[in-house]
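Structures given as structure tokens follow.
One chain, chain A, appears in both complexes that follow, with chain B as partner in the first and chain C in the second.
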Partner chain A sequence: MAAQQQLGREHQGITLRGSAELVAEFFSYGINSILYQRGIYPPETFTRVQKYGLTLLVTTDPELANYLNNVTEQMKEWLYKCIVQRLVVVISSIESSEVLERWQFDIECDKTAKDDNGPREKSQKAIQDEIRSVIRQITATVTFLPLLESACAFDLLIYTDKDLAVPAKWEESGPQFIANSEEVRLRSFTTTIHKVNTTVAYKKDSVP
Partner chain B sequence: MAQFLFEADLHGLLKLDTPIPNAPPARWQRKAKESGPGPSPVCVSPMKPANRSHSSSKTPSKTPGKSGSKIQSTPTKAGGDRYIPNRSTMQMEMANFLLTKENDPAEESPTKKEQQKAWAVNLNGFDVEEAKILRLSGKPQNAPEGYQNNLKVLYSQKMTPGSSRKNSRYIPSMPDRILDAPEIRNDYYLNLIDWSSQNFLAVALDNSVYLWNHATGEIIQLLQMEHPDVYISSVSWIKEGNYLAVGTSSAEVQLWDIQQQKRLRNMTSHCARVGTLSWNSYILSSGARTGHIHHHDVRVAEHHVATLAGHTQEVCGLKWSLDGRYLASGGNDNLVNVWPCTQGGGGDFAPVQTFTQHQGAVKAVAWCPWQMNVLATGGGTSDRHIRIWNVCSGACLSTVDAHSQVCSILWSTNYKEFVSGHGFAQNQLVLWKYPTMTKVAELQGHTARILNLTMSPDGTTVASAAADETLRLWRCFEMDPIKKKEKEKANSAKSSIIHQSIR
Partner chain C sequence: MSQEDSHEWELSKENVQPLRQGRVMSSLHEALSQQDSSSHTAVQLKKQEFEAEIRFYSGDDPLDVWERYIRWTEQAFPGGGKDGNLAAVLERAVQALHGHQQYYKDPRYLNLWLKFGDCCNEPLDLYSYLHSQEIGTTLALLYITWAEALEARGSFRKADVIFQEGLQRKAEPLDKLQAHHKQFQARVSRQTLLALEESPDGDNIGLLEIAEPQRSSLADLKGRGKKKVKAPISRVGDAVKVMNPNRSCQPQASLQLPNAPSFAVFDENSVSGPEIPTLTAQSWPAPPVPRAKENELSAGPWNSGRRRPRSTVSSGLEVPHPVPSFTPYVDESAQPQMMTPCKIEPSINRVLSTRKPEEREDPLQRVQHQQQDAEAKKEMVMYCKEKVYAGVDEFSFEEIRAEIYRKKARKKDEDEIQAIEQKKEEIQRKIEELEKKLKKKEDNKQQQPHEQVVEWKKGKKNVQLLTKEKFVMKSAGFHCLFCFFQDELNGIERLSEDAIVTGSYKNKTLCANPEDTCDFNRAAHLASTPFHGVVAQRVPAPAFSQSELKEDSPESKSAALNQETPVGEEAYTEALSVKKLSPIMEASLEDTHSSGASVSGGSLSSVTQTSAIKYLQISEKLELAQSLPAEGVTDDDVAQFLWSPEKRKKLLDSLMSSLAASPDFHLEAGALPHMEVEKDIELGNETYCIKMEYWNDEEYKVFFAVPTGCIFQWDAKGFAIKVYSQPVPWDFYITLELQKRLNSDFDQSFSENCSCYLYQDGCAIVHKNTNCFTLRDILHDRKFITKEIIFLVVHDLLHVVEKLHKAEIVHGDLRPEVLFLGDRICDAFSNEEVPNALKVVDFSHSLDLRVLPRVSLPYNFPTAQTPHGQQLLAESSLPYQVDLVGIADIVHLLLFGDHIQVYQENSIWKTSQNLSKTPDSDFWSKLFERILNADGKSTVPLLRELREEISEMFDSSFKERLLLTLAAVGETFLLVNFQ
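Up next is the complex of A and B:
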């Protein structure tokens, strides 16, 4: 498999494993950006890194980083198996535990990629350009999303295929929808194997 | 056999909601039959006016006998009865269609499974049959306690004043004067400026105190601490303006004579820095970082006459009421205490009121000059509210969200207004009308948060010290010259009347 991956890189194409890695990496940076931009954690617990030609902020809190890493690793595996349908970042108020914001990443897997082993024709640069524009949009959402007045916590939900055996440490959950929400669709990107559509839903202001 | 027939008839009669089988046709039925040109009299187009039969055979069949008799007794009016005189405007078929359609699911004739699926997708946003929602058990830990979203302060700012009412007087939006205050300590909990009745502005800059004479503009360095690590944490003028009390970070309270420029006393009773001072004739009250407030009688050797223990954290706001009956104190424990001037029955001081409503440190404390029992307090960054209290009843008279840290409040003596100094994001002074609590003006200019406010003895000018190392003087309570004259005239007239009466 490693040899194939090597081959894929050389040909400037993309393999299933490479695609899974790219998408999982995108989720890691995307979630970090959301947590920073929405002020879920104090800004001083984030550090700057260069990625996708952007300066992104990544948490330095060891416990949070570990949690995100666990999820990302699991996502990578499921992406590779093409059994994941959606990743949702749920932001809810700690006090009332009301869901205030819901970041939804719909994943369309091209399941035929599991069978044919050849790499797809799309350069890593083209994919990264697409990812960059999605991350830029996440950063820009602060301007229109309503202010999170109370202290908030976040949760990650992953929609998988029905026949998946639930791994240890994981549990089933409800969809945690927002009552009376407004939705904004962001850009999407594709690795030709995985396509990710991003939408953010937020609670409508009670006062119009 | 006959009895069975009879039974069936009886059943039929008892069932009111089915048409009577062998009753004569109702008049509407007969009429429909006669008038109906087409083969199906029931199915008449809704466009045809004044024809009752288009309400279909369903409705009348519910109470057939009744409807028949009713129609017979009423005078025949085109297409109407007593209750609904005109049915022609009703679109019965349309209504019927809409009514039945509403209860139908989206598809024409869905199988039960498909229908359930559609419902599930609509309700859950995903198909239960095909997906599973998983989450890693155990939530990531929440943000640390007390952390507040920075965006909150940034995005809840309001530029326009709350009231658009035209102001009757001119308030200059620029400061009258800007003075440099190098090395002023950017510490919210200190009280570093005070303006005396003799028109001296005392400013504590790190470890020295300077006096600025407002009349002549000359500057005197009053004192400098011997030890370089010790800084001045508070200054306060006695009412007469000839003595200045100075609190230091080494827990001392010093008394300085301005004429001689000499230290008169050094009073030590605290064990932490003295962040705030307030005078009540010969009693000097000092609040320290320990949360204790001490009363010093400056006339006697045993100066420490009382200890008020009502705060658990640093006392940063302290003010005696103008009549000297109450002392108001605000602390970093978000409490406001109002103390009496004499101790209670047990010999201990206990607060007459404790206000717990503020959510942040209370530094801004000010007594209303024209209503003796009204107190204004303002909270720090996590609170940002100005509250007005009646200290006799303990009632909160009004509350206003200032959208920014409140560092100081001063009441105007010339107008029914007060001014508040703020921090992030606009570092402005806000003039408020009392009791309506509407904004009169916002004075902007400071580039860092305001630390203290003090007012000139004539009540026209407010001095603000800010973390941008400047002092700005704002002539925001300038008296209208005409009004001023009238007031003076009124005063003189009054005195002359008194004079006459005495004579």
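Up next is the complex of A and C:
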């Protein structure tokens, strides 16, 4: 019996709401990882949690955590409505406000999922495995990303479909591209409803 | 690219050293993928290049080479460590550039030093050295790096001093320095606050004393000692490190310190004053005092402890050491080789007693020693030591010599080219002078009274002058000019030709461009012996031409003219035109090899020439050819007649009945309608609107047209219409023959829907379903030409030619223009069942060997008249080989964008281009080798083999990539054409 139940759970599909939650959760952990990896916030303000079979670092700074929670909730809602196209983490120098790094998560929503309510065939485990490899890659980017020498701040940009009412505390912004950048594509994962492609762009070394 | 490939970096993240400026993904990827393969040839070559550049750099910025070398090393050896030898490169760079005052304020130079510092055990020494030598003291980076290093060791106060120094010196960029200073202060104060929070009672702890010694992690904590059981004290951390500079000021002095507690707690505040003063005015510092090592007993109360036998093992020195009261910590895994125990009687030879492993272990020390050695050096090196050892690798003398030789050779080449250039200019000048002289003479002549000869003569003279002028200027391409003369005035141009042949212009270079030997070759034909005899046989009086040629005596000149005066202008021209020969054609009687070239070459410039005249000339020529005492009759004749419309007409007349039987053959009454771009024409029952002209020849033009009324789109298909000024539907005949002989193999590579309209004075052949682009359009833009496109095109080209040859038809004029693009390229989304990328519809110069099997002379094909064709094709070559030469040229155009150039090596023809740099070079070199050296072999199996080899490369991923490229090509075509 137990084995059968187990089997049943593994074969469970995924619904739109579940997918939105998974993806929003990924963003939360992903952004936390980036903030830690890139030293945007002091490392001592992070704590370890186990997730996706990895040890991830999550901020303990209450303000930051609150902010990220808000974003995650907002993302969840938009993901559920399938109206978000892209989330960008922009890392820029505080002194010169020059954009130094740009983490771009492109989201492809399968809008047909809004209409058919049936779950899709993909187990949570498979999705989480895919997410894990993306997070691992985010960690591994230290191999090629330049050192952030000055104090940096981060900014979140969210690309949504047009005509969306901008919530309070959000404002419209430009894309904040990096001039003369090198772009590296990371792995992508899909829940079959949302597909997330990750790319990181960073300033090219001035001399080749 | 497979997933594994592109994410290799992820798997080796531990083996990649992060760089301050980040890594270039492509080079990281390259480096990682090459790690497995044993051959790093590309990397080694590049390294060699840098090494050579360092040795033979002659500019005034040697730092530049070093900097590029270092940057490249960083990127190419992500693992750092020994294989990249970054430390060694840095060390060499520092040594090589030592004392270059001009760099002392150069940020690159400072960077070099700082990078070098990262490789050193004790960068602080290096920073103070830089400071004392005023290297980079105007740059903020020095102070920032220095302060960071100090901060990392917990010496906050000293770090602050360094910052202050930098600020005082106004190091650039100042704002950056200030920002770093502020951040540093913020960090310090935050840590202090934290420390205060954690130890509320620690009110007597100095603010800056948080850096307390700590135990090293993983150290053995087993209690030791007898009196008091103590854990071994091996402190690490900031406090311990900070002691070092202090000790360096007074080495060994502490030995004399009076008894003291076994370990003094280091009190940072007791360190007197800032460190900087001690650094000033140091020359290249004395060999640095060995720095703190784990197992080294630092200055302490050595004489207070009891002696223990086991501690004497470590150094067998003559003076027995006082032994400290504590046990030096010995790591469990301590390498025995660090201190080789002395087995020999120490008094015998001190040199051999112990190896001092630390000696010059630190690159900084090595650099210092090297400098010192250099200063103290007395011997003189009698070989080019600086060249042998300039870089990281050692160069052998041979390598150096080779490099010098190469350099010389290069210089020589350049000089030669320059000399040639100068010569060219000189010649140009001479030509101009001569022209001026000529003009003067002509003017003089004109001034002489010759009342009888009136307007006409004058006009003639002018024309003559013109011809001469043109001739001299363009002597290299003289055959082009003849047609021009033919149009303007007949007969007179002979003079110019004589000029060449008889050599009265001997001292003029025939070839204005020394590179362009093909014209010279052609002229050589003319100048060769048999030709001189013929001059006399010319119909017009030779005396006349001679006198004209010499153009010195006005009398003879006028006499000649007088002779001519009775003839009216029209009559004269006519008369001459009957007798007239294009000089080239005359020449061709002597030398059939060059005749074809001249005719087709001439056509380039004579767009306006009417076919009627041409016709006349040819018949004239035929007559002459027959009337002349013929040598080598039959073959030459056949070869000559082949391209004459008569011969073809004769041939086709016999086949006319079968041609007429075809439903696509229409016999039209009347004259061929005039065709022009943007005009409508009527052919049969259809009206077409001509949209553009692909190319034209003197005898035929090829247009692209759409049915009238249709909206013209570039990506849509239309009709290729070929208009031939002779009533000889040769293309139609060949197409029909192909259809007959190939049966099922006759596919979209040829014109499947071809109709022929034969008029009284010409014919038009309409090919349905043709794309409006030819291969030339692709060649226009090299970015289209991806590997995939090349393979696809070459594959189909081989296939088409294979089919032609199977049908015993030689195309003879394979050029990018005649190869129409098939659906495979133009319509990227067409299904795979339409595999043809190319379409051949034009057979103007084709030869049906089934009808004319005796022809073995390939010279008359247009392909054979190209420079490479002339080289490659021998008289005895089979006609089929002409097409191989055409293929080779097209492949070369695709690969390199220019025409093929060949040379012979060990009787094997090769291309002058270096193929090794192209992707798939193996295949291409094989292809060229086989195609260029196919002499005598049957071409069909050769083509098939090569084609099959390509089709083996078409796998699924290839198709995908191809599709991508094709889509891009299609898009760009649209863009380009709509612009």
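One rule holds for everything that comes next: the second predicted complex is superposed on the first by the 195 of 208 C-alpha atoms of A that agree within 3 Å, B and C clash if a C-alpha of one lies under 4 Å from a C-alpha of the other, contacts with A are read in each partner's own complex, and residues count from 1 in each chain.
In this section, contacts are C-beta pairs under 8 Å (C-beta built on N, C-alpha and C of every residue); 3 or more make two chains touch, one makes a residue touch a chain.
Given the structure is predicted, the values throughout are model-derived calculations rather than measurements.
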**Q.** Touched partner set for A:Ala151, first chain B, second chain C, both or neither
**A.** both
Q: With the two complexes superposed on chain A, say which partner A:Val142 touches: chain B (first), chain C (second), both, or neither.
A: both
Q | Of chain C and chain B, partner touching more chain A residues | A | B
(Q) Contact-wise, after the overlay, does A:Asn197 reach chain B, chain C, both or neither (first, second, both, neither)? (A) neither
Q. Touching A:Glu182, do we find chain B (first), chain C (second), both, or neither?
A. second
Q.
For A:Gln128 in the superposed arrangement: first (chain B), second (chain C), both or neither?
A. neither
Q) What residues on chain A does chain C touch that chain B touches too? A) 142, 147, 149, 151
Q. Chain A touches which residues of chain C in the complex?
A. 3, 6-7, 9-10, 12-13, 16, 18-25, 28, 67-68, 71, 78, 175, 179, 183
Q | Touch list for chain A against partner chain B, complex | A | 39-43, 63-64, 67-68, 70-71, 74, 85-86, 94, 142, 147-149, 151-162, 164, 166, 169-175, 177
Q. Along chain A, where are the residues that touch chain C in the complex?
A. 95, 136-137, 139-140, 142-147, 149-151, 182, 184-185, 187, 202-208
Q. Residues of chain B touching chain A in their complex?
A. 124-126, 129-144, 147-152, 155-156
